[in-house]
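One chain, chain A, appears in both complexes that follow, with chain B as partner in the first and chain C in the second.
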Partner chain A sequence: MKYSYYPGCSLKGTGKAYEESVLAIFETMGVEANEIDDWNCCGATAYMGVDESMAFGLAGRNLALAEREGATDVVVPCNACYLSLNKANKYIEEYPQVKEKTDKALAAGGLKYGGSLKVRHPLDVFVNDIGLSRIKDAVKTPLKDLKVAPYYGCQIVRPYAAFDSQRNPTSMDQLLDVLGADVVDYPLKTRCCSGSQTGSLPEVGLRLVYILLKEAKRRGADVIVTICPLCQFNLESYQDEVSKRYKEDLAIPILYFTQVMGLALGLSAQKVGLTRNLVHVFPTLDKREVGHV
Partner chain B sequence: MSNRLTEPPTGADEPRIGVFVCHCGTNIASKVDVHDVCEYAGTLPGVAFSTEYKYMCSDPGQEFIAAAIKEHKLNRIVVSACSPLLHEDTFRNAVAKGGLNPYYFHMVNIREHGAWVHEDKASATAKSKDLVRAAVYRIVFHEALERKRVSVDPKVLVVGGGIAGIHAALTLAEAGKKVYLVEREPTIGGHMAQFDKTFPTLDCSACILTPKMSKVKSHPNITLWTYSEVAEVDGFVGNFKVKVKRKPRYIVEDACVGCMDCIDVCVFKEAKFEDEFNLGLSKRKPVYIPFPQATPQIVTIDPDTCIEVKTGKCKKTCVEICGDRNAIDFSQKEKIEEIEVGNIILATGFKTYDPARSPEYGYGRLENVYTGLEIERLINSSGPTGGHVVCRDGNKPKTVGIIHCVGSRDEKSNKWCSRVCCMYSLKLAHLIKEHTGAEVYNFYIDIRTPGKGYEEFYDRLQGEGVHFIRGRVSEIADWIVSPEEEGKLIIRVEDTLSGFVRRIPVDMAVLAVGLEPRPDAQEVRKMFNISCATEGWFLERHPKLAPVDTFTDGIFIAGGCQGPKDIPDTVAQAGSAAAQVMALIDKGYVELEPNTAYIDEKECSGCKSCIPLCPYTAISFDAGSLKAVINEALCKGCGTCVASCPSGSISQNLFEDAEIYSEIEGVLADV
Partner chain C sequence: MTTPKSMKYESERDHDFSEWITGVVGSERIRNCIQCGICSSTCPVSHYMDYTPRRLINMARQGFKDEVLRSKTIWLCTSCYSCTTECPKLIKVTDVMYALKRKAIQERVYPRRFAIPILGKEFYKMVRAKGRITESRLMMIFMLKTNLLRIFTMSKMGLRLIRTGRMDYKPESVKRIKELQAVMDASSDRKGVSTS
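Coming up: the complex of A and B.
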């Protein structure tokens, strides 16, 4: 299996652990992922609101580059990048005006996008391309007794992805299940993590983070597992602040789903970037006897 | 006429064509120069008389045609007016009244095809002339046709034993007709038997239904077959042959008296299996009676759960206690009954929406989320809790939220309004309040109460202090933001009147689920050769003027299988279907339209390619002559076989090649 790979800014910065774990799993499962040469900003969801045509141009350039490299599917681990690229792809396909504008912008840079690419999330690739049974066979150290709250975030299936239910996605639940984890019923799985509101409107943002953390703990989760660098960042970085504000102990490790997947597949903590996490997961893992740490 | 490719038949009477052009008030006359068309028609070959009239379909208009035939010795008539769908019959009758065969007639539609679709008077007039000319060219070839008659068997089959089937069967039986009523469940009664009270009068559902059920059982004109299904339907209007599969219930129906001793002594000490009638809220044994007033009042042995049926290794305590009565018979096999009937009424009902398909409401995941039908059973004194409305932990709810439009009026599930949920939600709100004293919230997007006494019932409920919140509920959740919410179900909704998003904690949530076609509607449709609308409801012949007829003569529909409807409408429709059937029976025969296809046996090669194409299953293969045979009674004159026949051996009355070619020639003739 061969994919084009678009990391986006966060996987090279705050989400470094995500990149490390995604690539490590790709390697283990025999998936070839070629980073797009000279990729640029995805046009981010915020940019869409400011200048849509600029955002389509930015996303379109990445698509054009990947297509020029001969790719058919581009894997995008960050949910925000996934949404931007997916949205640009759909709009270019469906709206002639958008296509015309984007074509013009790309032509100025000597590029052309034929619209042949599929934008994929690693979760989609694992569940639908590699398949759960192959993953199950590859599990070396099952995540026994680890209670996991699967948190999908708002952007993954809304509104463009077709690989899972938009109201009640379950593919990560199924994936965690074959990894041997104890999946906690977590009804807030697609609720907003507050995005960038934690910076601009902390009153609003931190309350949303509080609800997500508290509910996961209330349901007995040992860890929350995310598929988005921004969700991971929000849920992890503000735990002190939120605990103080609401006078509750809300500390809980927030892992990328690829990190727990890596542990189950027998990869080292180092290899899946576990040492980079701010909230220490090792005591939890030790207690649950999960993985080789 | 000599330059025509299609030469009119020689030797017959010289055609004397009469053309009658209608103004249709201003419908046609405002856009078509009727006088011009009429004068032009008079110049066409073979036309002996042409005239115009303001309302051709009126009584004087029809009289005018009849008189003109005699006065001008006309032998072919063209009426240029509106759609033949509306008035073809009217004018055929007028032609017959004038002493002509009614098929020496052709109708031209210059209203829908002319006046109503053109902006410009000149082109509308020119097109009308073309169409009239085509008809004049065609009608020369018309031949006298005869309507055939087939007799009608006075027996009737009613499929489905809900209130629709019961009412239709009783209406017919009371009128002296013999009826077979076939029901697949062990008892008749349908959904209505599951309700506690009916809206808006709040009278007890069973009290008004069970007398009718027992009347069905005891009526000398009704043969009741429960636990049975229609397996095969053959034939045509007036003469259907039907096979009914009677599933073994391992009980000799005539011997069982419903004493229920066998249920008491069954080797299963405790009831263990999901009780279908109570929607799984209670358990039953393998031998059971669905509910106390079940009709017939006899037990059924469920083959999926009975040890004796499954393994043959049971102690058979039931047989022992039944003793000399010998009502239990494990040797029973499936039986096929063959019957002949003249008409069929389908009253196969509906199913309720499965709210698990809308995961945001938590049905099946959160234990105190119920459907409306489940609450009906809880309220019913013969239901699983003996009439107590309680949560799964046995406690009375203090607050209850009723969510409207679950699986209705929603692009993601069903688009249509299910028509009964508003009213049954109001009814349940009243009954829940009466039984528990709880605070009741109704979450609605519209309240629709269009029925006699319905709006008044809504007013009454508002007076009773039930809360109404307008807004589609986004989620029923058990995640909490404050300690007061602990242990409650949280209904999240945007209150669109106040403009706020609200979280309302309740002890019990009731989903007012909508109605859907039954999952096997397509198979039933095929078996009875009728049509479904896109949503899967059985399609009536005309939504306003033939609401219980189908496109297949002799097959009628009533009740929930045609679309969501409440009990009064269902009963009215069932009565209507019965009346339609009686009209056919009492007439004794049906007349068949003669525009059917026919086969030239000499030419037919017996290739059978027409047989699977016929949508009305009217063509069969005669193994003796090795030719295809068309059943005129089933043929609807669609022409599919005519077009498909590779040897050109199939023709169709009123659509003969000469008629069609000449009509085309008429349209194209450059006069």
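Coming up: the complex of A and C.
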């Protein structure tokens, strides 16, 4: 299987730690994934509400480039990019009028998309292609006694992904389990983090962040583990503001699933971008005696 | 004393509008709605909305054009796709929300405080010029144009992001920008609507 890798804008900016940890795991597990040459912004979810055809055009160019490079699967770590590319891929297949428009737009740029690609999330690749048993064998320092709340966010399994349940996904729970972590039951796992509303309508956005943080703490989690740069950013960067607003201490480290995976696989904190986190996990790790180098 | 009329006369409903929404990609099943309210109950922001998703769906298909396009509801929607996943009649409620947003922008009837149209415009400009988003710049422009007060709280966060190396200084850019611009221009639905 030949993977293409689509980082998206976040992973080159605020989500750098995600890119570092994803690539480190690819390397450790022997996954070959080449960054799509000259990829562009996915159109992000916001753009659907401004100009849908252009959103499909933007996503379409990335699909066309990956296909041209001979890939069968595009791996997309950001939930929002994943949704944009996946939705475009599905709608091009499902709606002839979308296909026609996108084809025309791509042709204007000298491109063509034949519709052969699958859009995949790294979580899907780890659990379903590499497999849990291989990952289990690769674990060097199990995450013993680390209580983890798995937070999937809204756009990963809904509504176009087929690799897990849309209502109660469990693949990350299983992954964390083989890494040796103590997985907390977290019923809000697919509840929305409010996306860009934290910036535009703080009273609404911060409330949603509050609910997510509070529930994780109430259930005794030491850390929340995310699979999306926007979720990570929202849950982590607004903690001070939310704590102040609701007069509660809501501090809790928010890690990418690939960061905890990296720790379990024996990679250094540096290698998985842990020093980029705003709320540091090291005190928690020390207390829990989880190995980190 | 005047008694305001709270319902619409049949003649005040905009049938072209309800025709239009039924024809939009993703909104084709809107007439199948049984008003069960599952979309509203699963929506994480419904309690901030003026009309819940269930009501909005009904109003849209009945041709309550003004109310629907001027509602706060469509701008509160975070595109979490919860409603779309749960709807027993397979209505793509999120797509309906998107369609209404686009229409409201076209007709310039969006509320001032809801910044998505502004974000959309800045986003477009940046993608067209560079092909990629430099998040820190987009956030800054967005704050300047929408909510100056927030800059204060945000700047503290910004400093922490700089310290952890998460602010990108040099703008990301694609190499074949002409190719991208050609795709963007050829795909735009908004010809005649100024995006710049």
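Convention: the second predicted complex is superposed on the first by the 290 of 293 C-alpha atoms of A that agree within 3 Å, B and C clash if a C-alpha of one lies under 4 Å from a C-alpha of the other, contacts with A are read in each partner's own complex, and residues count from 1 in each chain.
Operating definition for what follows: contacts are C-beta pairs under 8 Å (C-beta built on N, C-alpha and C of every residue); 3 or more make two chains touch, one makes a residue touch a chain.
What you see is a predicted model, and the numbers here were worked out from it, not measured in a lab.
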Chain B versus chain C as contact partner of A:D185, first or second or both or neither: first
Partner chain in contact with A:N86 - chain B first, chain C second, else both or neither: neither
Chain A: partner with more touched residues, chain B or chain C: C
First (chain B), second (chain C), both or neither touched by A:E215: first
Touched partner set for A:G60, first chain B, second chain C, both or neither: second
Which superposed partner A:R167 touches (first chain B, second chain C, both, neither): both
Residues of chain A at both interfaces, chain B in one complex, chain C in the other: 167
Parts of chain A lying in touch with chain B, wherever the complex brings them together: 165, 167-168, 185, 187-188, 211, 215, 218
Chain C partner contacts - residues on chain A that touch it in the complex: 9-10, 12-17, 38-41, 43-54, 56-58, 60-61, 83, 91, 95, 97-98, 101-102, 104-111, 154-155, 158-159, 166-167, 190-192, 194-197, 199-202, 204, 208, 237-238, 240-241, 275-278
Touch list for chain C against partner chain A, complex: 25, 44-45, 48, 76, 78-82, 84-85, 92, 94, 97-99, 101-102, 105, 113-117, 119-121, 123-124, 127, 131-136, 139, 142-143, 146-147, 150, 153-154, 156-157, 160-161, 164-168, 172, 174-176, 179-180, 182-190, 195
Parts of chain B lying in touch with chain A, wherever the complex brings them together: 358-360, 362, 365, 475, 477-481
